[in-house]
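Letters A, B, C, D, E, F, G and H mark the chains in the order given here, with residues in each chain numbered from 1 onward.
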Amino acid sequence: MKEIRFHGRGGQGAVSASNILAHAAFLEGRYVQAFLLIGAERRGAPVLAFTRIDDKPIRNRSQIYFPDYVLVLDAELANFVDVASGIKPTGTIFVNSDRDGESFSFNHKAQTVAMDVTSIALKHGLGTSTSPIVNTSVLGAFARISGEVCLDALLQAIEETAPAKPQENVRAAKEAYEEAEKWMTKSNIKT
Amino acid sequence: MDDEIKYKNVKELPPMTVSTGLMLVNKTGSWRSLRPIIDEDKCISCMICWKYCPEACIDIVDDKPVINLDYCKGCAICAEECPKEAIEMLEEGK
Amino acid sequence: MRLTLPEQELMSSGHKGCQGCGGVMAMRYALKALGEDTIVVIPACCWTVLEGEFPYTSLRVPLLHTAFETAASASSGVRAALRVKGKDDVNVMAWAGDGGTFDIGMQALSGAVERNEDFIYVCYDNEGYMNTGIQRSSSTPYGAWTTTTPVDAFEKAHKKNMVDIMVSHDIPYAATASIAYPEDLIRKLNKAKSIEGAKFIHILAPCPSGWRCASNQTVKLARLAVETNVFPLYEVEHGKYTINRKPRKKPAKEYLSLQGRFRHISDEVAAEIQEQIDAGWEKLLKKEKDSME
Amino acid sequence: MGNHAAAYGAKLAKAEVVAAYPITPQTQTVEKISEMVASGEMQAEFIKVESEHSAMAACIGASAAGARAFTATSSQGLALMHELLHWAGGARLPIVMTNVNRAMAPGWNIWSEQTDSLAQRDTGWMQIYCESNQEVLDTIIQSFKVSEKVLLPTMICLDGFSLSHTYEIVDVPDQQLIDSYLPSFDPEYKLDVDNPQTFGAMNSPDWYYEMRYQIHRAMVEAKSLIIEANKEFDEIFGRSYGLVENYRCEDAETIIIASGTIASTAKDVIDTMIRNGTSVGLLRIRSFRPFPEEEIREIAGKAKNVGVIDRNISFGHEGVFFTETKASLYDLPEHPKAFGFIAGLGGRDVTPEDIEDMIRITASGDADEVTWYKLKDAGVVVTK
Amino acid sequence: MGNHAAAYGAKLAKAEVVAAYPITPQTQTVEKISEMVASGEMQAEFIKVESEHSAMAACIGASAAGARAFTATSSQGLALMHELLHWAGGARLPIVMTNVNRAMAPGWNIWSEQTDSLAQRDTGWMQIYCESNQEVLDTIIQSFKVSEKVLLPTMICLDGFSLSHTYEIVDVPDQQLIDSYLPSFDPEYKLDVDNPQTFGAMNSPDWYYEMRYQIHRAMVEAKSLIIEANKEFDEIFGRSYGLVENYRCEDAETIIIASGTIASTAKDVIDTMIRNGTSVGLLRIRSFRPFPEEEIREIAGKAKNVGVIDRNISFGHEGVFFTETKASLYDLPEHPKAFGFIAGLGGRDVTPEDIEDMIRITASGDADEVTWYKLKDAGVVVTK
Amino acid sequence: MRLTLPEQELMSSGHKGCQGCGGVMAMRYALKALGEDTIVVIPACCWTVLEGEFPYTSLRVPLLHTAFETAASASSGVRAALRVKGKDDVNVMAWAGDGGTFDIGMQALSGAVERNEDFIYVCYDNEGYMNTGIQRSSSTPYGAWTTTTPVDAFEKAHKKNMVDIMVSHDIPYAATASIAYPEDLIRKLNKAKSIEGAKFIHILAPCPSGWRCASNQTVKLARLAVETNVFPLYEVEHGKYTINRKPRKKPAKEYLSLQGRFRHISDEVAAEIQEQIDAGWEKLLKKEKDSME
Amino acid sequence: MDDEIKYKNVKELPPMTVSTGLMLVNKTGSWRSLRPIIDEDKCISCMICWKYCPEACIDIVDDKPVINLDYCKGCAICAEECPKEAIEMLEEGK
Amino acid sequence: MKEIRFHGRGGQGAVSASNILAHAAFLEGRYVQAFLLIGAERRGAPVLAFTRIDDKPIRNRSQIYFPDYVLVLDAELANFVDVASGIKPTGTIFVNSDRDGESFSFNHKAQTVAMDVTSIALKHGLGTSTSPIVNTSVLGAFARISGEVCLDALLQAIEETAPAKPQENVRAAKEAYEEAEKWMTKSNIKT
């Protein structure tokens, strides 16, 4: 089973992201679960969402304490929230940031990957510069980096479940996927 | 009433859900993605920003508005309402 | 520097209201008006959640959280307790959303006003059930989208006229107010404080999250609501209507177009809304005139 | 009548705020209090609310603001309060209420049945079932004492008509003696502009669980406080009740468990049967919340056969007293056979003969687990 | 998400009248139904009432007039309906409702706990607790079938957030297959100007008792109908649930009893523990009303130790499942030791590790009767 | 012989109403107006008890008994069921007492009217909770004795004005009626039947047991209530007031003196009552005039 | 619907409290202590008595009012309202 | 224990009568219980009330099926209600009527006593000829005939608990007592 945690702000789409990811994995024939830790969060406040992916039915309905992946939609959050909490030593933290992954020193074992997908999202007209909607772009990058879902499934999932602008989101995700590809080649990372 | 309250176990709890501390412990500055910057030169101390701030986080210091960034959520109402356009909203982290 | 509002802050920073929340501003002003000797009663609404979390609060006055439908009835109990203890100089303020007032708390309010309980009932109106994620209430205006009035079946009922209903209850004092006009709001709460018996204050408090607008538009929208006659400012003392502001009327479109919840409306619907606003304003002018006679 | 006993109880306890709404068969309590407040005989604020829901809400507001609050209701009215019963319990407000037990509609039925109050057993209210009007009056006074110590509300139950509308001799104690017994209410936590606090805010999973535990713990602790309050009451007024009443259960082979007026009537039956050589006793349950688990175990655990008379039904299962009794006897190494009887729903009279009959069935040790006693079913014995 | 599963369930069941009110964490059901009705995808009258009380009243009116009625709520909303829950049960109206289990205020808490619905167990409603969103959807359809046969309403419970807000794979069956499974609602007794009848009039002690018996009897009969409805459902859709789920209890020395999502999580734990050599099984209670007494007796009666996990508390006594389980095992000649665990109140997470721990405590056969599991009490084990 | 009312009796003899009950008369007339295709919904009130006892009823139309506070909400459900079944020619009549309308059923009514449910809500008003033995309601008039407003603390609040409150809800049709004027009552119910949406009819129905008068005074008192302007007959269509009867006014004393519940009142109180009646009448005349403009 | 209904046991009952008979079985004439007597000579058949009878127990027979004493409770409204004073109330049993 | 049943009509005061009787017995130091069988009765409809009197505390709270006495406040009721139901063979039925006791043939064993107390009540201004309030007069007669309570206790009870006109009621009860005395002498009955 793979467990993924999303960090975002109220209104940024972290919850949709967890659902879309689950949906994508479902399209690949896997069992999935996506949920949120609600604290009746308001617009702007930090929120958490989760996805579980497995090859057999998922019956565990308790929360995720030790994620395999952490996806941070807004790098600013990392200043206030312990985004690396519980991350498995073998895990990956993905941060949407134009800074370098290494500059975030969350956890000595888990690897940190940083990529600026905000610009991608904005390019496709998702949100505004002050509140970009980056969730699908993050997923695109994540799909490539983690290899947990294939691009086609992801794009189909976005098309089927994005709350608005499906095509724009699909395009953004695709571009982010490709950017991640480049980034990996550049960083010499294989999966 | 302004301090942090740390209950360690049930025996320390009051008998019911009674709140005795202030939410000042909750630094809502972390919510902000835009940061208001007051241009002191433009500012005429009309205190309209103070008046409309939903966070009550603009202090009056020496007759001038001073934003407490611990709490400012970056809603930009102050900037919108300032008659002198003396407040600019900058992206956080930029 | 001259402050037009009392300086004392009885609502602290650190609360959990959304960025730019109008309901938060309303409370800030109300407490500035009423001062420390005030007990607040809040039923379920956004304020329940944004106010704080055990063991913290954002009010520096006593606050009783209570069940959704009980703002007025629980306040009656508080008032009775104060009376029996001889504490007559304390204000009791019930503070409820439009859902808690127009809908589920309607009966408790009607009963309390009928008994003429000595309290100030404030409805901060964001025109929907916002705490649960933007469902319609009977305060939701004609034409608006909410999650229970989706765009292909947008809200068709007209906003319930709570002030009129309160006036039909022979309430000593009822008024509308707006967060865009805090001085007027504070004056009204001060007047309410000075009147014995039941008082009802209806505050329009825009909600960026539910109205689907930018967080910096709150005050602007509240002002436009007054300037377009969507939400006129007036007060009713013992049945006598006084309109506090008779603006040179702006077109409703200015107000509607800033809000995502009205994005779907056609020109016809917009025209209908404009007609309704005009008719409502005429009616109000007439009430003012009739009640003066 | 029981309804007046309740009104006098509230008056003697110096309830400061009363918010109540009329309903048959409780109405005379509201009427009597109106009268006493109007004449100045009782110094209280009486809020004439527009519903029971508002009655309880007003009591909550008043109690939170530090006033001693009282209300009275029955059946539909009690049910209408349900959400706020949870509220009063969760808020730890020592409100005292009398509930006249009456059957729930539909069909409309105004007669005695205890399903109304038993359906409130999970709301965090203490529940005391009375068998006489004297007990109603005394219990109101005792309950304020206990409630205000443990910070939990108490519901005092009396059977509709057979107590509420029955005139009998009730000693109305002297106010001064009551005052010496029951101190005035001065809670540590209350709405107070001189010490502003917020009550009932959001309570996340961090501490909510512990708050609930505290409610539970307080109610468990109330057991000894109820006993103590009774003892103290006894010393002044010469009357005492306890959590349960052990009526001639010593060495009884058969024990019948009942509450309210059925228990009262049963005492006559027990006396007669013992006189005729049957080994039988009555365990009257007075406090149902807190549940007198240990007492039941101790008293009924030794019997051979136990019969439980339930004037209530939890549809799809069995009588409430029966379930909880069995559960409390569960872990005894050897436990009696238990038989449940559903009887007297909707005011069907339960006569001494009926009780004797149920005792005989129990004593036989051979019956269905649950019997719907005297169901009109052409003589067929009906079981669940 | 579970809330959407509920909405689709209502749609597939062709509910004709929906009257509901939003409340966290049920809101999305109301929203989804609004949407489907607005778009014409669902052919129903959706009454946007001003409170849950009116929601249930409207369902009562609609059902009495012969329409299939559905609603959805949670915690405070459910509690506000309480009087009318009794009404719907007493009136024998086959309304179906989903309740998202959430803790009761104060303090306000929107997270999972089952006290809200368990506190309604005496109202004459059937109660089914689900562990997955598929089960929620399927159960709505099954419940209309059963409800309309026995003329009793059903409440379908799902844990707040951990089901209501959890996205997972749900098979939405074909409408035609559903139609073949669930006939349209055509009650014999209804408000009908062509055959005027009066419903719910005064019912004196003459027959009220028998009317109550009939409600009870109908619910007891519902047991076999639930099983039947599941079987039939299984034949068409390949899924079946039953009154209880026996998960690897055969010959298990230790049996843990749970419901809802805790039971779901427990399955993983059981598998692991069995793999590691522990003799353990899970008895998941699905139907709490009617109460599956025989099934519990049969499955759990043979174990050495039984642990009951209650995500609820009846203050002043113990967990509701624990009480009723013990009562149902009472008259077995030899019965297991029983241990109660209060866990997960107010959304406190119950992890696989917690469950394993509770199983171990149970298996040891040596623990306090009731444990408040993981109470923050500086390591002290806390018992009631 | 010419009958001024329809002959058909849909209410049977044998009911358990007190001798001379006005509430019974009201139902008899209402059913004469609405006819067989009517479903009646009755919350707790005298009618609950007097109507019959299982397995008997005194109505020849379908009747749903329902909880005290749910007349309007249960009726909404009935209407929805009829709509979904396509039965649009059936009247739904909610039938409640003043307690069930002004007090405990207020919110359900307010909500149903806000939704503009297509039903006729009738309040038969005997000015108190009579079924439970004469307690005050918010319909009890100033000065009256009830068991909860004993003579030394007689009712001090004024009767809530339900028609006005309904009008403030923008109800399509609201009217008062009286059992002394059955023809007028029947005309109003017929009009209500012809109007789509929510209708509210407020019928004064004297109660000999609660008003403490002889059983033969019912009609006389109802008539006097109109003739003294204590209970004027009027109707309001979409906000337009029409007073149906402008009697040559009799003094209130004629009305009050026949009722034991007013026996205790002093001359001063009687004078006060007279003033209130006069003021109320003037207000009503003004409303008629204002709304005509 | 007019007949008496006699349930013998629970098996004969309908599943819920549904009333299918008419209250005509309840002969409320027993409540009466005053009995109305119509003076046919005075009566002008205006049917005002019929109109106002709360028991709906005045039948119209050949255009004349006939009181059904099985149900008449003796409230005397008919006597009070009769414009011709054609109805007298006599004490029952006298 | 003595058990008494009252028959009256709604509004006639049968319930007060049962209370007053209980109160009188209480004043004599006995244990008492008074209650009613309510059917939500309306003005004019037949009602029942009960009194129990004993020398020890009364714990039986079930209804009375086999009364020692039946008091009928309104003779007309006897035409519709089985007023003699369950009366003990040794019991007495008292009917307020100007007819003769023997003319009522309720029950062969129990004795029937008839007396017109309506005229007494009216004489003292209790009620009107169409609705006389006879409850205290009935009790006066009953006190003499049954000997279950003494006159003084009865009068005190009336004074303390009559809902209205205490003095008139006391006088009426007294006169009825005396009338009963005469009637007994006349009928040659001893107690």
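In this text, contacts are C-beta pairs under 8 Å (C-beta built on N, C-alpha and C of every residue); 3 or more make two chains touch, one makes a residue touch a chain.
Quantities reported herein were computed from a predicted structural model and do not represent experimental measurements.
Trainee: Steps needed, at minimum, to get from chain C to chain D via touching chains?
Mentor: 1
Trainee: Which two chains does the highest number of contacting C-beta pairs join?
Mentor: D-E
Trainee: For chain A and chain B, let me know how many angstrom lie between their CA-based centres, rounded off.
Mentor: Between these chains, centre-to-centre, one finds 30 Å.
Trainee: What whole-Å value do you get for the distance between chain A and chain D if each is reduced to the mean of its CA atoms?
Mentor: 56
Trainee: Find the geometric centre of each of chain E and chain F from their Cα atoms only, then give the gap between the two centres in Å, rounded to an integer.
Mentor: Their C-alpha centroids are separated by 43 Å.
Trainee: Just the number, please: Cα centre separation of chain D and chain H in whole Å.
Mentor: Between these chains, centre-to-centre, one finds 35 Å.
Trainee: Residues of chain D touching 2+ other chains?
Mentor: In chain D, residues 24, 48, 50-51, 76, 80, 83, 87, 90-91, 105-108, 196-204, 207, 210-211, 213, 349, 375-376, 382 touch at least two other chains, as defined above.
Trainee: List, in ascending order, every residue of chain F touching at least 2 other chains.
Mentor: Residues 16-17, 19, 21, 48-49, 51-54, 56-57, 60, 65, 67, 69, 102-104, 106-107, 110-111, 114-115, 131, 138, 208, 215.
Trainee: What are the residues of chain A that contact at least two other chains?
Mentor: Counting only residues that touch two or more other chains, chain A contributes 40, 44-45.
Trainee: Give the pairs of chains that touch; include all such pairs.
Mentor: Inter-chain contacts occur between A-B, A-C, A-E, B-C, B-D, B-E, C-D, C-E, C-F, D-E, D-F, D-G, D-H, E-F, E-G, F-G, F-H, G-H.
Trainee: Can you tell me which positions in chain C touch chain D when the two form their complex?
Mentor: 36-39, 41, 48-49, 51-54, 56-57, 59-67, 69-70, 72-85, 90, 107-108, 110-111, 114-115
Trainee: Spell out the part of chain D that touches chain C in their complex, as residue ranges.
Mentor: 16-17, 19, 43-45, 47-51, 53-54, 57-67, 69, 83-84, 87, 191-193, 195-204, 207
Trainee: Would you mind writing out the residues of chain C in touch with chain F in their complex?
Mentor: Per the touch definition, chain C meets chain F at residues 69, 102-104, 106-107, 110-111, 114-116, 138, 157-158, 160-161, 164-165, 167-170, 286, 290, 293.
Trainee: For the complex, give me every residue of chain D touching chain E.
Mentor: 76, 79-80, 82-83, 86-87, 89-91, 103-109, 111, 115, 118-124, 126, 199-205, 207-213, 215-216, 219-220, 222, 289-291, 293, 312-318, 320, 322-324, 326-327, 329-331, 335, 337-338, 342, 344-349, 369, 372, 375-376, 382, 384
Trainee: Can you check the complex and tell me which residues of chain E touch chain A?
Mentor: By the definition above, chain E touches chain A via 24-25, 110, 159, 161-163, 165-169, 261-262, 264-265, 267-268, 349-352.
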